[in-house]
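Below is one structure. I have some questions about it.
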Amino acid sequence: SKYAYVRNYELSDSLLPGCFLVCRLDGHSFHKFSEEHGFAKPNDKRALELMDRAAMDVMTEYKDIVLAFGESDEFSFLLRRSTDLYNRRQAKILTALTSYFTSCYVFHWSKYFPDTPMRYPPSFDGRIVLYPDERSVRDYFAWRQVDTHINNLYNTVFWALVQQGGKTTAEAHATLSGTASAAKHEMLFQQFNINYNDISARYKRGSVLVQVKKARTMVEVLHCDIIRDEFWKARSYVLAG
Amino acid sequence: SKYAYVRNYELSDSLLPGCFLVCRLDGHSFHKFSEEHGFAKPNDKRALELMDRAAMDVMTEYKDIVLAFGESDEFSFLLRRSTDLYNRRQAKILTALTSYFTSCYVFHWSKYFPDTPMRYPPSFDGRIVLYPDERSVRDYFAWRQVDTHINNLYNTVFWALVQQGGKTTAEAHATLSGTASAAKHEMLFQQFNINYNDISARYKRGSVLVQVKKARTMVEVLHCDIIRDEFWKARSYVLAG
Amino acid sequence: SKYAYVRNYELSDSLLPGCFLVCRLDGHSFHKFSEEHGFAKPNDKRALELMDRAAMDVMTEYKDIVLAFGESDEFSFLLRRSTDLYNRRQAKILTALTSYFTSCYVFHWSKYFPDTPMRYPPSFDGRIVLYPDERSVRDYFAWRQVDTHINNLYNTVFWALVQQGGKTTAEAHATLSGTASAAKHEMLFQQFNINYNDISARYKRGSVLVQVKKARTMVEVLHCDIIRDEFWKARSYVLAG
Amino acid sequence: SKYAYVRNYELSDSLLPGCFLVCRLDGHSFHKFSEEHGFAKPNDKRALELMDRAAMDVMTEYKDIVLAFGESDEFSFLLRRSTDLYNRRQAKILTALTSYFTSCYVFHWSKYFPDTPMRYPPSFDGRIVLYPDERSVRDYFAWRQVDTHINNLYNTVFWALVQQGGKTTAEAHATLSGTASAAKHEMLFQQFNINYNDISARYKRGSVLVQVKKARTMVEVLHCDIIRDEFWKARSYVLAG
């Protein structure tokens, strides 16, 4: 039609070739969403497994995602350097992953929260960041996993102080302010007899999803260290192309 | 942490001030999704009303959307020229709308398809296009509505030929190839006694959602002409800022 | 050759249709360049006329530039909204104008500075900014002309205090700090018997270059007000398309 | 002033960290410029040396340029991966290099063409391309040098056929169409007694400029192979950061 000229306003948004793509999704206002749906504190196993499930579905659908890492209300997806998904069109890739992840989250909700009806539809924001080399990709994932560790340690002591120690949240906050990592470990052990090392790897390390080239399972879920070399050396195909 | 430098790879993606933003969403592989869920042909009222519902929720949540237009598996949202939503960060706006629309679609599914369980999670792609002036915005919406009209007329005759005329889809296709609009109207009337004008405005014109400044309802759903001036003159606030 | 794949790393950089393009050039380190070449203070007529000449050559070469405004070491070029120059490729337009302006500046130098050999090659930075409507374009040029006025008034008094009043630059600076426009006018008149209104329009208002549709001259140089409506009304073709 | 809001229309254009930057300049309509100024065919030593000189000045001014390659009317500059020049702002870097190169070309013209006054101001277009790794950077330069070789061989035979063989340009073109490299070498040798290997390295290989860390000279001009490993291994600092 004579109106079709408006398509010319759609500009190309191709992503630079030769770079790794990281797409990070993060729950929109999950502070509120987790409250409204009674998420356990500091970590709700059901909520985290639902996140993993949505991410696994995304990886099953989009095979160019070679690795993913999840914690809290966020997930990061690594697309291989040479991916040609949607001709590397930024908006297409970004919305395909964000939309499908969201859809899976809502779709599978009742399997993970059988007794908690969803009260309103959650959503996720998304962004794509380019990393030109293996070093920066690895540092990206290290950044997220270190964040997981720091937050989890803090939250674990915080909620122990509140739930078992009878403190108000303001008091717990004040108690922890300025304390180093070692002090938090000690507080946990001394006051609550909790050995931080015994806490589930899922909570301490987040979720690592990798494409595996086996017959049946396609995506593997791990809760392992991705900061040191070991993980990466054993799976050199992850960054291979 | 020492890894935090990776955040520097996130580049600014602010959208030009002073332009209208149009965000168009489109169902991913809805050819298959509609088949798998038994959508009526050519138009499934439940499916279209579910789209409207998701769009209405999006507009209720994001008040800077002043107008939306839906047809088939797509919806276009107009954000006012001066919107400051997420500081006009492109990825934030794009994923917020795409994700929330998707979420609402899945969330409300069972209300519109009470007898049809969702078989797998649907998704939507999204894009944002900038339009610098009222003329191009209006032409954008005219482009979509003319498309609705053309497709609907074609599909209406096509499925009449198949469902009532006993033709194969290949035969129907061949019969229609090259015919003008008037010929299609006549075919409908002569062979199937269908007056195209009697067909529901929803199908002929798509869905127009506007923010209304009344007490209770906030979003109004119309199936009216948005190509001519009348609609726009009666609602000058839509393009006002 | 097998290396030609590297061209794929060149990404599209098309500028949004329907917007005015403003390209602003600014002399690189002209503080130093003007010192080294003995520019008169506060305004060097030769230097400003050379800038005008380079700009005029640019407009003669690139007819889609409908208006230009110059002051000090900078020039702003307005390309018409519908320009299709280099298919609106940003880098092409930006470098074509910047390079040609620079070339003309060096090329014509000796005509304007017959007694001052160029000591080293000057350069200019450039940028392109999009403006979606007439209001913002006009405000852009008003912004530059108001800047001209403010700087010129300041510099005129400043150098009068130094050159005629025998102050050091530090003293002149201190004397002027915080003074309003009226006070500066008065100071000029009282102490130096200079009526600011008598100062050349070139210095007070900068240079306005417009394409004129006459037989012989193609570009007209004016030193008129471009903030009020009058200029624009008399030349409606400037913003017409 | 109240107009200063127009600055908000200037959007950020930062280049992705961690990538090499290549800035390629190319003479605007040098087909005409070389004709008008009587450049020798196929290669004009003066013109090529002037290009080298302008490039050398650019590298002396901008130390983050670690390597440059020139041929014909073009020059490519490699900025080190970690450069922070102008905070990696694209337009600033692009115009700074393009403008300064142009300025030097005009400024030095009369030294290289003492008997040929410049008839009109030449200009150069410029672009910046990002390369994420050493492989693609090296392939970029290989692409340019292979291009030099192919063009030079062609042009050498072509102009021998015309200038010494008495053919028209159309005949020369026809004679060469479809011939392989070896055939061209032979034609040169048989018909004109020219051994292609004896031709100046400058013409066969173009100009390679590298920053050298010695006491006095800062930029070195070579006409060596940059396709094979040797050049790069001997200067690992070029791609080091």
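Each chain carries a letter (A, B, C and D) given by its place in the written order, and its residues are counted from 1.
Throughout what follows, contacts are C-beta pairs under 8 Å (C-beta built on N, C-alpha and C of every residue); 3 or more make two chains touch, one makes a residue touch a chain.
What you see is a predicted model; the values in this text were computed from it and never measured.
**Student:** Looking at C-alpha means, what's the farthest chain from chain D?
**Tutor:** Looking at centroid distances, B is the chain farthest away.
**Student:** Comparing the two chain pairs, does C-D have more C-beta contacts than A-C, or is it the other way round?
**Tutor:** So, comparing the two chain pairs, more contacts are at C-D.
**Student:** From the mean C-alpha coordinate of chain B to that of chain C, what's the distance rounded to whole Å?
**Tutor:** Here chain B and chain C have centroids separated by 47 Å.
**Student:** Can you work out the whole-Å distance between the CA centroids of chain C and chain D?
**Tutor:** Result: the chain centres lie 31 Å from each other.
**Student:** Between chain A and chain C, what distance separates the C-alpha centroids? Give it in angstrom.
**Tutor:** Once rounded, the distance between the two centres reads 51 Å.
**Student:** Out of chain B, which residues touch more than one other chain, so two or more?
**Tutor:** Residues 9, 16, 18, 130-131, 136 of chain B each touch two or more of the other chains.
**Student:** Could you tell me which shape the graph of touching chains takes: line, ring, star, complete or other?
**Tutor:** complete
**Student:** How about chain A: which of its residues touch chain C in the complex?
**Tutor:** My answer: residues 8-9, 11-12, 14, 16-18.
**Student:** Which bits of chain A are touching chain B when the two form their complex?
**Tutor:** Against chain B, chain A makes touches at 1, 3-7, 9-10, 25, 28, 57, 91-92, 94-96, 98-100, 102-107, 118, 120-131, 136, 139-140, 142-143, 146-147, 150.
**Student:** Please output the residues of chain B touching chain C within their complex, sorted ascending.
**Tutor:** 16, 18-19, 130-133, 136
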